[in-house]
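Contents: one structure, followed by commentary.
Order of writing sets the labels: A, B, C and D. Residues in every chain begin at 1.
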Amino acid sequence: MKSFEEISKLLINQFPSINFEIKSDVKFEPYIIVPPNQIDNVCLFLRDNIDLQFDSLVNLSAVDDFNGEKTKDEQGNDIMKGGTLSLYYHLESIKYRHKILLRVLTDRDNPSVLSVTSVWNSANWHEREAFDLFGINFINHPDLRRILMPYDWEFGHPLRKDYQNPEFYQGMKVPY
Amino acid sequence: MSVRTEEMVLNMGPQHPSTHGVLRLELTLEGEIITKVVPHIGYLHRCFEKHCEVMTYPQIIPYTDRMDYLAAMCNELGFVIGVEKLLAIQVPERVEYIRVIMAELQRIASHLVAIGTYGADIGAFTPFLYCFRDREKILNLFEITCGARLLYNYIWIGGLSHDLHPDFIRLTKEFIREFKPNLRELNNLLTYNKIFIDRTANIGILPLETAINYGVTGPMLRASGLRWDLRKDDSYSIYNKFDFEIPIGEGKMGTIGDSWDRYFVRVREMEESIKIIEQAIEQIPDGDVTAGIPKRIKPVVGHIYSRVENPRGELGYFIISDGSATPFRVKVRAPSFVNLQVLDVLCRGHMVADVIAILGSVDIVLGEVDR
Amino acid sequence: MAEYIKNIYSALITILVGMKVTLRHLFIPSVTIQYPDVKIPLPERERNRLYVNMDDCIGCDQCARACPVNCIEIETVKALPGEDLGKTSNGKKKALWVTKFTIDFAKCCYCQLCVFPCPTDCIYMTYVYEFSEYDRNNLIYDFATLTKEEREEKKENYRRFIEQKEKSKSEKE
Amino acid sequence: MIYDFFYNLTGSALFSGLFVAIMPLLTFILPFALFAVLLERKVAGHIQDRLGPMRVGYHGLLQTVADIIKLIQKEDIIARENDKLLFNIAPVLTFVGSYAAFAVIPFSSIFLGANLDLAIFYIIAVTGLVVVGILMAGWASNNKYSLLGAMRSAAQIVSYEIPTIIVILSIVMITGSMSLMTFSENQTQYFWNWYIFGGPEFNLKKFLLIPFMFVGLIVIYISTLAEVNRTPFDIPEAESELVSGYHTEYSGMKFAIFFLAEYANMFAVSALIATMFFGGYHSPFGYLGNLLNIPWMIPVEQFFWFISKGIFFVFVQMWLRWTLPRLRVDQLMTVSWKYLIPISFVNLLIVGIISLI
């Protein structure tokens, strides 16, 4: 059963080249910010290290931080430029019962993160959902296609804060 | 000379009598043997997470009911515990007890549906009606307490919408007294029936490592032999006050982690839930349940991941609040959504009739898968 | 060979046990009722169709705000100073003409969130659950008691009252 | 019997032959099918703690009549892609397969279609037609599910034909003849003369036979269940997998004929078992007719006893349907080839040896 500090210390001296940002003063759950192109090596290490053994990815949630600068497009509804999308990885070790929260930041315009499906298979559908609802492109994901929305939904990604509902989808009026 | 069988793609669903809702399974068959199963979901997607961004905290509770509509109480409990942690408020003792009783009654009702529809999938239609006859009694208990039978909006942030009905305790005791013999009878009729065992033992075996790697939780993980239950391991609410044990799969009728084990873990879990309810009814204190409900709910900026042992697995709410009365983001970790991924691994090499048996033992609810 | 015999034996025994269970149920009285002729009495906290007692309603819009699906629409017109609108049952003075109070029961999810915040308890749930319609628009119930002309007239003289106030204010400057 | 009666009544062989063919249908199968469908739904209801149909008529008695009327006025859909000819012949063929078996079943000593010497042989041959009808239906509906369902049920019926025939063979060995009439005649009045209790003569052979007769009864009962596609072998209409197998595409009157064929087949099979093991139309306790010595009363009593035995076995089939889950296709084959056939062969061998004593 390792505490948050021990785990972050272990991570830092395992990956000296990566600059992690340790956030422990945040309300309710401290987390570590990991750069998007290193996430799969970090997760592989977290899973395979003997005294960490994070063998189950509990939850992977994508969040639209909506912190770019707002601009108006022609119809007057606001469009976000810049800003970040963040991915929260909740990991847990069944053996040692300790938990950790990782956060990955990608920019909003063309978000792309390395997929961790090779580390935990449960990430497969979580990542497909993040792609479907947020547009985050996961590199070397087995089959990245929409999961909840119809496969041919080309009006953007619904869970983004500046998402506009289309008027018609294949002849059906969308806002009922 | 191997017989060249040409692959046949069979679409099962989305309106198929036994896919437990709107789920389309694309089966690639060779003769009768399955080589690949691709589940297509999203037919029941009602964008719960988009709703949460425009609703105030109390208004979200009726929406959480509609995710796993067979275990509405447990959904509400998960969300409410998360928000109470955000607000850092402590709920009176009586409310905790009532919440545990309601969650356990809901677990029995949900398992009765799972077992009943599983029997009906295998072909035995009578146990399905016996299970629903017992479930009606639980729904009546819910109805006299909060007025609704399926979607309750009963557990509020900081308390409950109504106190217990005066003769709730008497009716619950009556239900438990009638339910025990019914459960034994169900075992005689279905659980130990040789045909049922032939149809479910050694079918859809889920090894423990694959289960953990696929993030499977709940009765499916316990059937694969791991004693992992959030009520004990990550104990929320007052579950540490009751003694009950966690049933796991022992491979009595086949190997550990087969469909029969998943079914039997649910049957034994119902017995455990009865034990919890009996203890909770004895020790329930008095007190006011609606006093602690805050008038205006504006949690502090921060994020919390609260999780609850739903009848289908670990239901988690990742709530991010930005200080306003509506949450900034609520992400739901739905157990059926995660458990459904394993279907492809379970069904390889089995026959079409087994897919129905395996899907029934996985016990998914599409409202929760599609959110 | 033993396995073979054991299979046959357990198959026969479990089938006979199962048949004993169903035979016993053949003689147990049935639990179902004949619905349209016999109806189950509903408990008193039952949540079905809403009813609004209009002479208690002060048009405070609390229920519309609390509703998660926004199925309650209320429009009110301020009463002119001279007009007397009478009192609600618990003695609160009414200050607003409620010109429109509709609840769309096609959208309502019967969660009872609107019943609790109402200061005068004029909106509550009744026992009526058989109110299905052929056309969805018939499910939009209008509870306001003012007739069409009265609503126009109320809006009309309120607008005139506002203009009078503007005119008198502009004359004062 | 009836044939000669009508022959000397009308004198023309054609008319009396025709009438004998129609007689069982009009007098027995149609009313039985009406009654059996309602019985099934009532039995299912009460087993599952509910009431079954109660609306139409007193306690739902006219329910089946309402069903028939509904099915008659329903549109009889023939899809464009269907093979028209086969599509229409299939239901008739399945019905003929089971209906023709009634010609030789003795309802009572005088009420018998035709007293064939090869009655049992004829029944086995005729029920083979049902397989052809089902395959035709599956193929003609031109849809993936029906084809799968039809192939499965054909394999099932063929592989369960063998244990039935072997057990029938063991009975034929004891009685020495193949005509159902002699079967019934041998098992005279009292129930201890029935074959299930070892046959009419009182000697050591009788007591040796009893256990093997019970084994034979169980084997033939299970295999006839499979032949009639009833649970636990109702894979062709396995709702949960193949969306009701070969008669998915049928609607209206054709579907009613399939339904009728199923119930007719159910009664034919139960009647066969009753005749072979439980003394056909003989009453277990002697006849009231003899006591009050009213001679014409005896055939009526025999008719009553025969019908009640048949309906009892039909009830057991229904009782099994609402108790047991369904077997998978390969399990079904293992039950037939690995369990029923070896047991029935051994049974045949022992019965043969005993009958030599």
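Assume a residue touches a chain if its C-beta (ideal position, glycine included) is under 8 Å from a C-beta of that chain, and two chains touch if they have at least 3 such contacts.
On a predicted model such as this, the values are computed, not experimentally measured, just so you know.
Q: What are the mutual neighbours of chain A and chain C in this structure?
A: In this structure, the chains that contact chain C and also chain A are B.
Q: Which chain has the mean of its C-alpha atoms lying nearest to the mean of all protein C-alpha atoms shown?
A: B
Q: Return the distance between the CA-based centres of chain A and chain D, expressed in whole Å.
A: Measuring from centre to centre gives 65 Å for this pair.
Q: Please work out the Cα centroid separation of chain B and chain D, and write it as a whole number of Å.
A: Those two chain centres are 45 Å apart.
Q: Report, in whole Å, the distance between the mean C-alpha point of chain A and the mean C-alpha point of chain B.
A: 26
Q: Could you tell me the distance, in whole angstrom, between the mean C-alpha positions of chain C and chain D?
A: Roughly 57 Å, centre to centre.
Q: At least two partner chains per residue is the criterion; list those residues in chain B.
A: Correct list: 126, 130, 133, 189-190, 193, 195.
Q: Among the residues of chain C, pick out those that touch two or more other chains and give their numbers.
A: Within chain C, the residues that touch at least two other chains are 7, 15, 18, 21-22, 25, 31.
Q: Using the touch rule from the top of the page, what residues of chain D touch 2 or more other chains?
A: Where chain D meets two or more other chains at a single residue, that happens at 47-50, 322-324.
Q: For this entry, which pairs of chains touch?
A: A-B, B-C, B-D, C-D
Q: Where on chain C is chain B touching in the complex?
A: Those in contact with chain B are residues 7, 10-11, 14-15, 17-18, 20-22, 25, 31, 43, 45-47, 66-68, 109-113, 116, 125.
Q: Okay, in this complex, where on chain C does chain D touch?
A: Residues 4, 7-8, 12, 15, 18-19, 21-23, 25-28, 30-32, 34.
Q: Give every residue of chain D touching chain B within the complex, in rising order.
A: Residues 44, 47-50, 144, 231-232, 234-235, 238-243, 322-331.
Q: With touch defined as at the start, can you tell me which chain B residues reach chain C in the complex?
A: Spelled out, the residues of chain B in touch with chain C are 55, 58-63, 126, 130, 133, 136, 143-148, 151, 153, 161-162, 165, 185, 188-190, 192-195.
Q: Enumerate the contact residues on chain B facing chain D in the complex.
A: Spelled out, the residues of chain B in touch with chain D are 8, 10, 16-18, 32, 119-126, 129-130, 133, 189-190, 193, 195-196, 198-199, 351-354, 356.
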